[in-house]
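Written out below as structure tokens is the structure these notes cover.
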Amino acid sequence: MSRSKKARKTNTHVWTAAGTVTVDPGAPPPVMDVFAFDSEELVEKRLENIQWLQHHKDKYHVLWVNVDGLGDAGLISDIGRIFNLHKLALEDVVQVNQRPKVDIYDGYLFITLRMLYTHEGRVDTEQLSLFVGKNFLLTFQEGIPGDCLESIRERLRKVSTRLRSGSADFLAYSVIDAVVDGYFPFLEHLGERLETLENEVLLQPCKEVVRGIHDIKRDLLLIRRAVWPLREAINPLLREETPVITPETRVFLRDCYDHCIQVVDLVETYRELGSSLMDIYLSSLSNKMNEVMKVLTMITTIFVPLTFIAGVYGMNFNTEKSPLNMPELNAHYGYPICLLVMALIAAVELWFFYTRGWIFEKREKVHSHGGP
Amino acid sequence: MSRSKKARKTNTHVWTAAGTVTVDPGAPPPVMDVFAFDSEELVEKRLENIQWLQHHKDKYHVLWVNVDGLGDAGLISDIGRIFNLHKLALEDVVQVNQRPKVDIYDGYLFITLRMLYTHEGRVDTEQLSLFVGKNFLLTFQEGIPGDCLESIRERLRKVSTRLRSGSADFLAYSVIDAVVDGYFPFLEHLGERLETLENEVLLQPCKEVVRGIHDIKRDLLLIRRAVWPLREAINPLLREETPVITPETRVFLRDCYDHCIQVVDLVETYRELGSSLMDIYLSSLSNKMNEVMKVLTMITTIFVPLTFIAGVYGMNFNTEKSPLNMPELNAHYGYPICLLVMALIAAVELWFFYTRGWIFEKREKVHSHGGP
Amino acid sequence: MSRSKKARKTNTHVWTAAGTVTVDPGAPPPVMDVFAFDSEELVEKRLENIQWLQHHKDKYHVLWVNVDGLGDAGLISDIGRIFNLHKLALEDVVQVNQRPKVDIYDGYLFITLRMLYTHEGRVDTEQLSLFVGKNFLLTFQEGIPGDCLESIRERLRKVSTRLRSGSADFLAYSVIDAVVDGYFPFLEHLGERLETLENEVLLQPCKEVVRGIHDIKRDLLLIRRAVWPLREAINPLLREETPVITPETRVFLRDCYDHCIQVVDLVETYRELGSSLMDIYLSSLSNKMNEVMKVLTMITTIFVPLTFIAGVYGMNFNTEKSPLNMPELNAHYGYPICLLVMALIAAVELWFFYTRGWIFEKREKVHSHGGP
Amino acid sequence: MSRSKKARKTNTHVWTAAGTVTVDPGAPPPVMDVFAFDSEELVEKRLENIQWLQHHKDKYHVLWVNVDGLGDAGLISDIGRIFNLHKLALEDVVQVNQRPKVDIYDGYLFITLRMLYTHEGRVDTEQLSLFVGKNFLLTFQEGIPGDCLESIRERLRKVSTRLRSGSADFLAYSVIDAVVDGYFPFLEHLGERLETLENEVLLQPCKEVVRGIHDIKRDLLLIRRAVWPLREAINPLLREETPVITPETRVFLRDCYDHCIQVVDLVETYRELGSSLMDIYLSSLSNKMNEVMKVLTMITTIFVPLTFIAGVYGMNFNTEKSPLNMPELNAHYGYPICLLVMALIAAVELWFFYTRGWIFEKREKVHSHGGP
Amino acid sequence: MSRSKKARKTNTHVWTAAGTVTVDPGAPPPVMDVFAFDSEELVEKRLENIQWLQHHKDKYHVLWVNVDGLGDAGLISDIGRIFNLHKLALEDVVQVNQRPKVDIYDGYLFITLRMLYTHEGRVDTEQLSLFVGKNFLLTFQEGIPGDCLESIRERLRKVSTRLRSGSADFLAYSVIDAVVDGYFPFLEHLGERLETLENEVLLQPCKEVVRGIHDIKRDLLLIRRAVWPLREAINPLLREETPVITPETRVFLRDCYDHCIQVVDLVETYRELGSSLMDIYLSSLSNKMNEVMKVLTMITTIFVPLTFIAGVYGMNFNTEKSPLNMPELNAHYGYPICLLVMALIAAVELWFFYTRGWIFEKREKVHSHGGP
């Protein structure tokens, strides 16, 4: 499924009546995984149906249900009913083009995030929706294979981690943090591509550079659209009192907020570097053109007058009919003098080019760009 | 009626005395449609005069009057009198170049929106004004055929929808939501045009690209002018206490607000992509020019010296008058050596071009732009 | 008086001691017009001296004194004394390069506005200062013939208008509104010029376009400088309690504020369109250059090699001295073969240009830019 | 002392320990002038040492000490001790690269301003530091000859001025106002230079324009750096209660604040005009190039084919060896027909250029840019 | 270790579980230096292990521990335990790509700064983390040789300095101030490089300029990323009550805040100057091209027609076969007239170039850019 097609399909959801859960017909069927734990016990299982959920909903310290794939409207509605979730939030879960945001409902938070993944050599985003309650965390993914939560699962399986003894909001924080930290490898990769392009542009600029810069710009726009609203959304959680987020977790969210700003910072820096590279590339094109034109101009300017002189003495005026007709042709030193004149003209022109700095440019380089 | 003419006409209203309802002489005559309903009953009828309104004004749970066409000043003033509306608001209804806004009056809200439609291949906007009271909703359209409210009418005709059991403010929300969601297909279309242009620019740039980018830019400006103030206008409704908007509807308006931001986001992203495409196009022009100039320079540089040599030996210096006059012409190997020299010069120049990378450029491509 | 000179002169006031009324020696002598009215009576007269003012100051419901021309320091000081105005405000009246602003003094408001007018084909601004008290309105104009207040005078002369029964603050609002609405025809005119330039740039770009865009930009800067601070200045009047502005008038001022924002919006839109046009113009220059260069390159590339061949066979190597010397010249088919070779070379080159798309470019156009 | 050197020297102060007064070794020795006055009496004298200060400190209604030159650390420390000033403020006095700011200390305000002056044809700034107490004003200048306070001194010498009867804070306001008003002549001068450049760019663009625009840009950056922080710094004085600034003076400071904004406005306007001029200049370069290239292309395109034909008939194929060898040379009408063909080719090409609009461009001008 | 590699390595920390101290394997081993002092006594020693710390932690008025090198996770954890520091803060210490920030914890502040240093001719940053408690200051550096704290150490060693008698927060302020003041030499250096580039661009622009501007831009981005967040972070310390920062130190921090703004100001100014230089460079490229093209066009335009004429009279039409065939060749004045015609053509063309201003451009220079 091509990128543009996907965008079109998922967008069609937006203009249905608000508050109804209508799934994308092409969405993959959901897979449900449950982690139910307290500091001593851990139950990890794949659910086939939601009966289990209904019965065990309040039996654990923390219950994490991860739904991967949004192809089953009934299932999602059922989960909504079990955990008493607002219809609008459920609708946002299946509309996979949401902006990252945090909505505060009675008794739970609804958080939308965007995870990055690579699709046909381009960066793309997958929606991750979180419902954070007192003792549960529900996560919904679009169903694209792979996610950035594996390290969390690993840590949950160990007994003594902070995650196991923490509450649902700490688990939620860990998920958000994993998503945000998942941006860094992509940014690094972009940074490396920028550095490669920089070298190329400065040493041997070629056409592909433009495409490279454009691709980087687009990827940066995508990442910015994923992280910028997230930053704004986390911000109120740091300040206001919310029933779900405990003060202990808030300290950690501040850390997560710092990482968001760091991502935004890097994106902006890369964008500016990209623009700067584009400028350099354009100036290198002009430089190349100048160089080409100089060669052309020098060759033309040197040889055209010479060719003219040769042309003059190639004229067929009849020297026999009149002594005024090209007496040079019959002169004893006619030819050598003619060649000498030609050589002189060429020499003068070369000297002219030299003074203009067109050949053997002598310039002082910008030596030191070191520190103070 | 051409676009610019229309703009001029509608603008003329602005500088009449504030608070007077003076309709545009070219505005179409109004058509009034009424939906009066509660959760059990629905009356849907086209009104010929406003007598009916006067009598049934307070008899229904919700009364929705849709006026399509603003050509009758008397009618609009009469409606204003029946529902006790402020003159300034009525004036804004007939001045069809309003910025989207929300004005809070005693007992009702006055909301101005802009719907998008396509006019001669260009995106244009139609003004939609709403008066939202406790039990009534008045909507005024400019009278351009077609609107984005059909889905709402469909849902009203069904008995069991939330819309039927909801109050006037929920209906108003549904109208606003329909308008905002109506922006997405246009944005999608713009996104597709951008993608087409992107392919064209990267593969085979041509003149039409500039016009295409300019058109997209103008359409984006129009959409931004429609949605940006709307976002600002909805914002206070989410926070402040207004007598008309119930807390239940407020949750839904928050969703609508999110969609507005999403539109703004997309508009900004598309604008940046458009600028980036323009940059690429300009660089492709320079590249093309470079290519053309290289061909010119190579041809000139190779043949002009050769032509000069040919010109020299085409001179008519009399070899009989002096042994110094072009003895080459009478030499046994004169012609072959001359040709050889020419071939040598050409070879040297080709080698020069090769070292400069003008022919058979060998460059390393920017291979991987995939993820990390 | 040229524009730049005017700027210089008026500026010189700024660095006199604050609080002194020193008029510009070139300022026209003032003309005083009075409208004194309540809902029944209207006195309209031209004042020769200020005695009348002193005696009738408090005798009318509303007293409007319009002073056109700032050439008489004594008169202005006298008016200031009669109405008890602050020296700094009077000083601002005669310094005709004020930014629009609203200053709140005890018992009255001091408002500075800028009216637009056309001066030698350029947009220029005239300062309009207002003092709004409980029962008086003083307006000071620079004295440039014509203003945008004629419609207000007309409405005052009619008995039954809201203006006649309103208080001084409503009259002041009407003046402000008339000034702001007076911006729209100028913006419209700029919009039309932009549209004309757009057509020109897309169809047949010429040098004058640059000048046109620059002129529009400058006019937009001027309008923005006139309306942007006004918007900021009106804003506090909408919210804070001021003794002069009544709540009824405040609703109307909100409307006026909306118009200011609309002007700012249009100015920004036009600026962006102007920049976009400049981009298109520059790209059209590059395109033109490319076209010219292609013609040059094709002609040169085709004929230079042919001319070289002709040059070769124009050499005078003596065929009688050696059989190696240009035996082609004596060959039976020498000339026809030579012509054939030339034709072949030309054909190959034309084919080369065709494959590069330099002649008969076949491209797919960007067809539909219509809606979704 | 060159500009860059000066910058370096003064900067070195910044990284000494905070709170120590270390003067620049190259700073000129200080000259102290005292104005001590109340509404009746005025003492104006040049101080040789600070004994006088110590004794007369509290004996006058207002005491203004102006120190011109910062070359004496001891003196400045002594003054600080006499008036009980904070070390950090004194340190800022001698570090002459401060941003304009207002610091509120116990019992006095510390204000830093930057005065403009012209240095080797460039605008430069001189630091002016003010200490404003209940009954004293201390001003410190860098010691560059001339300042913008002469008009204040003149007014002080007159008995009846507001300045003489005012308190120290009014005197301080007058100094600030004089500094801000001192920016206008510089801005005017920049405005005139811009207008000159504008005419030049539109009529006959030359290389110097670039330098001119760059110089203006740099000067504007300097002025903006001087006035922007000042605006921010004055702002709190207008609102908050400070013990030193009396409400009467606050009204005047508001006026001063307005002037600051006016300066900022002008700077921004000029910057945008400068950018616009640069765009015009660049487009004029492209236009010129286009024009040059057209001439080149036309000449080449017309003469190269003709020269080729001449070259063909200059070939030496032996007409006697074969009837196929250039029979045209022996034809009766050979030469005239050849010339005719050449003329025809030239005519066709000229016609081609004419249709392309390369010669005798007929275009409609952008006539009216007047108002509506 | 190359710059890009370093960036990659340090980033890898970010996506470990929050709150764990995992050091970079390539980080240098730590070196611990202690300054323990009150106004009378000073203990300065290099610690081998942390036993000493544990015992002497609360025995001094102020205890400053500087850890240079982050290669020992255990040590850092131990210090954290001794001083009771939060795990998240310790984690931030070893992740050396933190944004500057101030985090307020119970009983201490955690501050992250970035020091500048030069690495292979490029500006780079080193992280400096501070823990400020009632009576201790812990500083952690990455371990890059050299820092900007030497002057603080010097002052500590002297008995009578304010630093010795001050508390831990004043010491912390001094460190922050030293870091911020350490930016100025780098900015100065950049300013000088800009001035050099400016001269080069205006006098004799060459290719290296582009690279120079790009390098400056990148350095400025780096400095801005170091100082911008610091400014934001210090701001709340100036206003809010924090238990660690005393009011006396707050006055000094305000000074430090001013310096931050000064750095930001300079960075912005330099960025604008850099952009302006790039514009000038690009326009100089166009100018150069224009100049080159003029030479080419003039030479071509003058000689191509002349060469054509020479070519015509080089044709071999047989004058004997027909009197119409080139009778000029046999005319008595044929050759001189031909040369005369050629000279005339050349003269006309030169005159044409002169009128177009291509040779001997007479222009009025932009003379005065001095002040008013």
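Each chain carries a letter (A, B, C, D and E) given by its place in the written order, and its residues are counted from 1.
In this text, a residue touches a chain if its C-beta (ideal position, glycine included) is under 8 Å from a C-beta of that chain, and two chains touch if they have at least 3 such contacts.
What you see is a predicted model, and the numbers here were worked out from it, not measured in a lab.
Asks: By the touch criterion stated at the start, how many steps lie between subunit C and subunit E on the shortest route?
Replies: Tracing touching chains, the least step count from subunit C to subunit E comes to 2.
Asks: Same or different for subunit A and subunit E, where same means more than half of the interface numbers show up on both copies?
Replies: Mostly different residues.
Asks: Quick one: how far do you have to rotate subunit A to sit on subunit C, C-alpha fit, nearest 5 degrees?
Replies: When the C-alpha atoms are superposed, subunit A turns by 145 degrees onto subunit C.
Asks: Between subunit D and subunit E, what is the gap in Å from one C-alpha centre to the other?
Replies: Measuring from centre to centre gives 24 Å for this pair.
Asks: If you look at subunit D, which of its residues touch at least two other chains?
Replies: Within subunit D, residues 185, 188, 282, 286, 289, 293, 296, 300, 304, 307, 311, 314-316, 326 contact more than one other chain.
Asks: Considering only the defined contacts, which subunit D positions touch subunit E in the complex?
Replies: 4, 7-8, 11, 14-15, 17-19, 86, 88, 92, 97-99, 101, 103, 116-118, 121-123, 185-186, 188-189, 193, 196-197, 200, 204, 206-212, 214-218, 221, 225, 229, 278, 281-282, 285-286, 288-289, 292-293, 295-296, 299-300, 303-304, 306-307, 310-311, 313-316, 319, 326, 328-336, 338-339
Asks: Would you tell me which residues of subunit B are touching subunit A in their complex?
Replies: That would be residues 151, 155, 161-163, 174, 177-178, 181-182, 184-185, 188, 191-192, 195, 198, 202, 251-252, 254-256, 258-259, 261-262, 265, 269, 272-273, 276-277, 279-280, 282-284, 286-287, 289-290, 293-294, 296-297, 300-301, 304-305, 307-308, 311-312, 314-318, 321-322, 324-326, 357-358, 361, 363-366, 368-372 of subunit B.
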